[in-house]
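Encoded as structure tokens, the structure appears first; notes follow it.
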Amino acid sequence: MSEWAVVTLGEIMLRLSPSGAKRIVQAENFDVVYGGAEANVAVSLSCFGHSVRYVTRLPENALGDAVIQFLRRYEVDTQHTVRGGRRLGIYFMEPGHSLRPAQVIYDRRNSAMAEATPEDFNWDAIFKGAGLFHTCGITLAISPSAKEVAVRAAGEARRRGIPVSFDFNYRKELWTVSEAREAMEVFLPYVNVLFAGVRDAVEIMGFPSPTSADPQGQIQETMTPLLVQYNIEQVSSTLRKEESATRHHLSGYTLDHRGQLHMNKGHTFDIVDRIGGGDAFAAGFLHGWLKGWEPDQSLAFALAASVYKHTIAGDANICSEEEVQSMISGEGGFSIRR
Amino acid sequence: MSEWAVVTLGEIMLRLSPSGAKRIVQAENFDVVYGGAEANVAVSLSCFGHSVRYVTRLPENALGDAVIQFLRRYEVDTQHTVRGGRRLGIYFMEPGHSLRPAQVIYDRRNSAMAEATPEDFNWDAIFKGAGLFHTCGITLAISPSAKEVAVRAAGEARRRGIPVSFDFNYRKELWTVSEAREAMEVFLPYVNVLFAGVRDAVEIMGFPSPTSADPQGQIQETMTPLLVQYNIEQVSSTLRKEESATRHHLSGYTLDHRGQLHMNKGHTFDIVDRIGGGDAFAAGFLHGWLKGWEPDQSLAFALAASVYKHTIAGDANICSEEEVQSMISGEGGFSIRR
Amino acid sequence: MSEWAVVTLGEIMLRLSPSGAKRIVQAENFDVVYGGAEANVAVSLSCFGHSVRYVTRLPENALGDAVIQFLRRYEVDTQHTVRGGRRLGIYFMEPGHSLRPAQVIYDRRNSAMAEATPEDFNWDAIFKGAGLFHTCGITLAISPSAKEVAVRAAGEARRRGIPVSFDFNYRKELWTVSEAREAMEVFLPYVNVLFAGVRDAVEIMGFPSPTSADPQGQIQETMTPLLVQYNIEQVSSTLRKEESATRHHLSGYTLDHRGQLHMNKGHTFDIVDRIGGGDAFAAGFLHGWLKGWEPDQSLAFALAASVYKHTIAGDANICSEEEVQSMISGEGGFSIRR
Amino acid sequence: MSEWAVVTLGEIMLRLSPSGAKRIVQAENFDVVYGGAEANVAVSLSCFGHSVRYVTRLPENALGDAVIQFLRRYEVDTQHTVRGGRRLGIYFMEPGHSLRPAQVIYDRRNSAMAEATPEDFNWDAIFKGAGLFHTCGITLAISPSAKEVAVRAAGEARRRGIPVSFDFNYRKELWTVSEAREAMEVFLPYVNVLFAGVRDAVEIMGFPSPTSADPQGQIQETMTPLLVQYNIEQVSSTLRKEESATRHHLSGYTLDHRGQLHMNKGHTFDIVDRIGGGDAFAAGFLHGWLKGWEPDQSLAFALAASVYKHTIAGDANICSEEEVQSMISGEGGFSIRR
Amino acid sequence: MSEWAVVTLGEIMLRLSPSGAKRIVQAENFDVVYGGAEANVAVSLSCFGHSVRYVTRLPENALGDAVIQFLRRYEVDTQHTVRGGRRLGIYFMEPGHSLRPAQVIYDRRNSAMAEATPEDFNWDAIFKGAGLFHTCGITLAISPSAKEVAVRAAGEARRRGIPVSFDFNYRKELWTVSEAREAMEVFLPYVNVLFAGVRDAVEIMGFPSPTSADPQGQIQETMTPLLVQYNIEQVSSTLRKEESATRHHLSGYTLDHRGQLHMNKGHTFDIVDRIGGGDAFAAGFLHGWLKGWEPDQSLAFALAASVYKHTIAGDANICSEEEVQSMISGEGGFSIRR
Amino acid sequence: MSEWAVVTLGEIMLRLSPSGAKRIVQAENFDVVYGGAEANVAVSLSCFGHSVRYVTRLPENALGDAVIQFLRRYEVDTQHTVRGGRRLGIYFMEPGHSLRPAQVIYDRRNSAMAEATPEDFNWDAIFKGAGLFHTCGITLAISPSAKEVAVRAAGEARRRGIPVSFDFNYRKELWTVSEAREAMEVFLPYVNVLFAGVRDAVEIMGFPSPTSADPQGQIQETMTPLLVQYNIEQVSSTLRKEESATRHHLSGYTLDHRGQLHMNKGHTFDIVDRIGGGDAFAAGFLHGWLKGWEPDQSLAFALAASVYKHTIAGDANICSEEEVQSMISGEGGFSIRR
């Protein structure tokens, strides 16, 4: 469908969640999911019809094999996923319900990807024919050598004229604000398409707090200088309001370097699985960007895609473009599709 | 409890749904349910205390046996369910959640019932002592020979003075509007009690679109001529508003041939399993009709029964009259019944 | 964490619930939970950091062993849980959904605890070092000899200067109003901290119906004379409004013997498992009481604890003080705790 | 298929087994099965094509309904199963594996059937058109009033010229040897077809220990006087050798009142579920007896039926005559039946 | 690993098996597996390191998608799997246990592949770079048009100098002996590597029954003329002895056109899942053949591969060459591989 | 029951196994078990009636809590289990079946226990009142600091006159032979009761290979000098013969420092879960040793206990002394325990 080949790079983990509504301490079984921020973007873009490659490092064992199988199943190219290292990163996810928030235990240190180095990868082969490169802040955060890999990848991409997409994805459990800022200052100059919010600009990058009272004003005040400073083409993000752990409202914005801002009032919905909602937004937006849609059209698609993801079990948004479009158009309502 | 023996006729299928919240492509397990429009009516009427017979054709294998066991379990008579043919119809049902609609894949062609002929059945024995016959539009749609069976059954019923109940149940994936209209024109003259909505009258039967702005007016404008033309005693239907795939509002109406219209403002509720909601309404209404209740009482019962069904797993509304009455009365509220 | 040793006494049962959303008649599997009103209080107080002892009588078989294991798992002391008798009480719980209420079948007669006598227990050892004794009306109701055990225990506690906490927990399927009143009149004189509502005072204890129109007035009118008559220090309760079987609003009050009334407007929430919600409230309130908090602080904690319980599978509120405090403070909202 | 209507009478229980290979103390789920000695015979005879009625007393709740549904599913008539009493008997079954034996916890006291009386049943209606009555020693053992029911039923049967079949089924956990002997001495005079072994005759009924070294001799020495004394037509039994909890050898014998003894060397097999193996033997033998087969042919069928049962999950031998015959003939071997 | 690209063609079906040890009539859940004779060969060869392409026709729905995902997961190329037609073939598989044989219900008529025609496929693209083509007798049997597809594919392969492998796989439920012989007479001239047994040669192809008493003699007597007549290079097969439905002995032979016969005494083993055992043998033998191993080495590998398959859940032998070699060498015994 | 307090020290891990018979790459669910060599000994000794303490270091998260709950459930004292460190060790266990061996993936590096130091523990409190200390070679192997902890613990025990029990448990994936020998040479001088085999003495400790042909001779030749050199009181071990991954024969020996050798011919059995079989042997032997049984009696008990473990799901041998004695006596055979 698309001629664009997308390259994504990052860490993919084994996610373990108690079956049913149990807490981790009660669990007699864990449901098995494989996922990671960039892998989720990769799978979703592949489901939207793009040819996508995912680059990571995986251990030489059955868990590494299972990751490969998961990616191949959704037609993500794994030719340049190298094998080695000691372990697959793991996280334990206890889903929340109503007023009880979800809880996550990370066990991702010393993963194969965290110990990868730029020399592990064949950059020429990886980027051959590529039209977009995507990674995110988590990959910068998990280890100095993973950061080196991501920075090298971004450099290799830009050197070949391939645009770079980046999701801020700041995770406070992985690094401090100052570590993050330092890394971002290195990485952002490579970025063409950014996913980030006002808080990222202010709290991490140190841009001044907005003085405006309304969201539009706040976005333009804080994000415009960010775009200018790092020569970024477009920045977008969801705005999430949580009525409870299992009912959210999602809206979003996109702003380009000429200051053109689009906002979308979004959707309110109940949640099956909230992991990967941001990645689904990024994939949705990139789908529109790759197809040359207008920013507001891409934004609407990105939001609907993200909502769709929240109703699907697993990290990845395994729905088709048609399914997302049907949510946007409202045609057929919520009746059974026969 | 009731002296009325009800005869229902139609196709019953194997329904396969992914366990948990998975999509069909993710499924490692399918939950097994047996159901079909008229079988659902049969089971519900049996649970309400009527003696009910179900007539169909089933393959001579373990799946056919399982259907028989399902029906017998709920005390539906299967003596006149004949065995033969090649296969049991199947449908795959991916439940929706929140803003993601459910999806169904039908695999019902060449089923034993679709290949049944009127000669397969012993009509004298089937209708002995019967007080009501019920079938629906799906049986007319699945094949020419099933249509012949249904038409023959309706004729045999009326010839013996047994009233005929019919649910429009138009399914666009089974036939075209013109095929449906042609079949309905043959069948409706047999019908005493009908379940159909304004859209059925207008879009399928070709009655003029209503000019009235309010639902009451629309119903009277379109359904009254239908009742008159086909000499039908009573027509009823739910009116469904879908907030999402898992939250609906259900109201309904019933109109008799003298133009007496009752409407009920219904209920808003969350959904466990929406399949069979219309069949539960029909069974609820027929229960009142068989017991000689006033139409508005039957309508209230039918709506509550349908709501009850939406909270029960499986196609069939396996609840008692007392349970439905308790929902109508509101007595005991939603506290635990101990 | 706490120097207070709490002694609780009552019956713990095997709870069997159909897996998934099935009804009891459909069940091919039952989920296994062990719980009982006082045991739920015991487990919750232990999770809040108190040293807690649970006193009961259990059969000498694997089910009795499983109960012991369940209690030990949550660090509840079982040294004085005696073994003997014929059987473990059982209840079958069909969870409700939306407009369909839950249903419970009790099968608890002749349980080991119902046939316990005061002589089965070593009261000196049980109360050594204890700072609080808690039981509830169910233990008075299940059999005359269990009532004797509870009354004896309360007497032994008070004789040692240990305050007594009591939850009314009137269950109409276990005894009549007059049986209950008779037993309560014997028991209430021992009570320091009570959990009961206006209906308990009026309908069971025969206090005059309140004339006030507002809840505050009703509580003060009916509960103040109860506190005075039985020399009770504090009475508290939830006030529950049920939008459906799976969505409730919970508020509450606490009133002391000087007439000081606190009310809390509470929370609205969706429900995973509603069994044990009242026990979680009692445990939450007792936690504050044991720590010497102000009554309104204890009340707020008790309500949040009860809400937390409704989101947890099983009878017992296995959450920490920190988790409840985080719900009260609202800090972190409903975002994932990483 | 058969004109013979068989009446069986006894207690049916809820069986709860840990899912998977877990022990009872480890169980988070119990698999649900309904079964009882005579109900198992009833279901098996129904699956072999006989019209079978099952007579018992069941509580008025969803568990009683579930039993009725189970029986109806296998086309066992439940018209004369009366409702009332307090509870359904329960047993917890921990399956054994290899050298670890299975363990059972009974919780069957005060069941609806144990508290049934002869006046609960309409004997005229029950035995109308019957060709055989079957019950077993467990029904005599569970309570004095159940024993009265069984004795009354046997008397009613014989008074109408209906032969009586009886399975000794001595269970030492239910009564003492002397209680059993006393009851058997009352019951055996009604019996035409008996299922019992050498140990039953010697240890319960007090017949002299056999002096013969070989099984044939032992059977003839002990069982012949039993047949003579009580005027019994035929006695049969399995002989079981247990290599482990999950691998058995089953042989059997049948002896008639003229001293004609048949033995069958039987089968060695692995076990899926050993409960109901003896009942499947009795049903298999009665099938041959009802069809007028030669005793050795009935014995071979009974043994193969019993083996079949050991490979089926649940108490009841839900296989067809054809499936058992195919095991006897060996035709098709163990290859897949397509 | 291998430069050889293997093309396989055939039908892949949805297999549904009752979870646990239940029979089909008892099933509340079906385990989902996708498999078919040639697809199983494809997956196994891919797991052994070959680049493999699978050619079939699949419906345009989620079940067709799931098949594609299954194949891609195991790195089988699906580029030339065309979409269209009405349905995916289904079979219901009730596993046997001990002396109870497995039972299969086929529901495969009118499948997308059964209605495929040679024009659906792009033969040039399919065979580009291929080193082997494999299909089997089932594809010839399912419909005249599927047979045409298979014959055309074999012709296209040979025309390009690509050797053809064929597994007899006679299924009596799909066609008669005379239909099979007629089709085989057309197909066998294309075959280089055959999988067939003495019974196939005698009973289907009509070669004279062997007069020899020993297996070696029988094989040479019957298979040598078959090889000669159809100019086949090599014929191999397993010889299966079934102690029970879950314990088999598997040996095998391979014979070349010069009359060189190798036999292997094989293995005795317990079975997890017996479907696909023959396909695993074929894949194992072809692996050796593709790597140029000696026939006896290929035979030993094929037998061990087939045994391995019987211990794996699902149709396909998802094990590595190393795992099979380790079974052959016996190194490490049956101790845990850490 | 016993006055002896046993202290065990080691690492306990989260074990994840695919549900059903699936391989790790196929797993959609993992069964959750917590276990480790010394924890398994602790749980088993507690089930045999000893008061047992387990000393380890666990992370401060829900997984650490779950371990504590698991140990407390079986009444193992966890007061001296300290919290801290980064993660809980994990291993993935793919059970074998028949001729397919089990496979384990370890992911235990950097576990909380591997990073424990002797200063983390309060040795005085830990050993107060203790009568035995037990640890094993795995704890020496997982990290230098864990080795230090184990050596320090052994020293603290011996300094207080508490005998030390040690299981060799050499795991080649954790360290080299020379690393192991070096550590053992430091540790063995502390040991009173040893679990080790001929291979351990020869291959790890470098004692000369035995010249004797029979096992008795080999044991005496190699183990006697080991006992002498390190002044060890008693050495015991199982001897395992594996017919397949799921059928083993287990025999064993015990030898004391005076050269008195006992051998036991053991048992052949099918396996539910083979993990922890050696630990169950050690616990069984120590049970006899603690009770002052004769060595041959302890050995018989240890072997039966180990067999029992192989039939139980999970790492730990949760059976009672009575259950093991009943296996030894053979009383009751393999019939159901009612």
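Per-chain residue numbering starts at 1, and chain names A, B, C, D, E and F are given in the order in which the chains are listed.
Keep in mind that, in the parts below, contacts are C-beta pairs under 8 Å (C-beta built on N, C-alpha and C of every residue); 3 or more make two chains touch, one makes a residue touch a chain.
Which chain is which protein? Per UniProt: A, B, C, D, E, F = 2-dehydro-3-deoxygluconokinase.
Just so you know, these numbers come straight off a predicted model, no measurement behind them.
**Student:** More than half of D-E's contact pairs recur, by residue number, in one of A-F, A-E or A-C. Which one?
**Tutor:** Selected from A-F, A-E or A-C as the counterpart of D-E: A-C.
**Student:** Centroid of subunit C to centroid of subunit F, CA atoms only: how many Å?
**Tutor:** It comes to 42 Å between the two C-alpha centres.
**Student:** Taking each chain's centre as the mean position of its Cα atoms, how many Å separate subunit A from subunit D?
**Tutor:** 63
**Student:** Could you say which residues in subunit D touch two or more other chains, in rising order?
**Tutor:** 23, 25, 28, 69, 103
**Student:** Using the contact rule from the top, write out all pairs of chains that touch.
**Tutor:** A-B, A-C, A-E, A-F, B-C, B-D, B-E, C-D, C-F, D-E, D-F, E-F
**Student:** Using the touch definition from the top, list the residues of subunit C that touch subunit F in their complex.
**Tutor:** Going by the criterion above, the answer is residues 69-70, 72-75.
**Student:** Provide the residue numbers of subunit C that touch subunit A in the complex, in ascending order.
**Tutor:** 267, 269-273, 307-308, 310-314, 318-319, 323, 326-327, 332-338
**Student:** Can you list the residues on subunit C that touch subunit D in the complex?
**Tutor:** 16, 19, 23-25, 27-32, 61-63, 65-66, 69, 86-88, 90, 92, 94, 103, 105, 107, 109-110
**Student:** Residues of subunit B touching subunit A in their complex?
**Tutor:** 20-23, 25-26, 96-104, 106, 171-173, 242-246, 274
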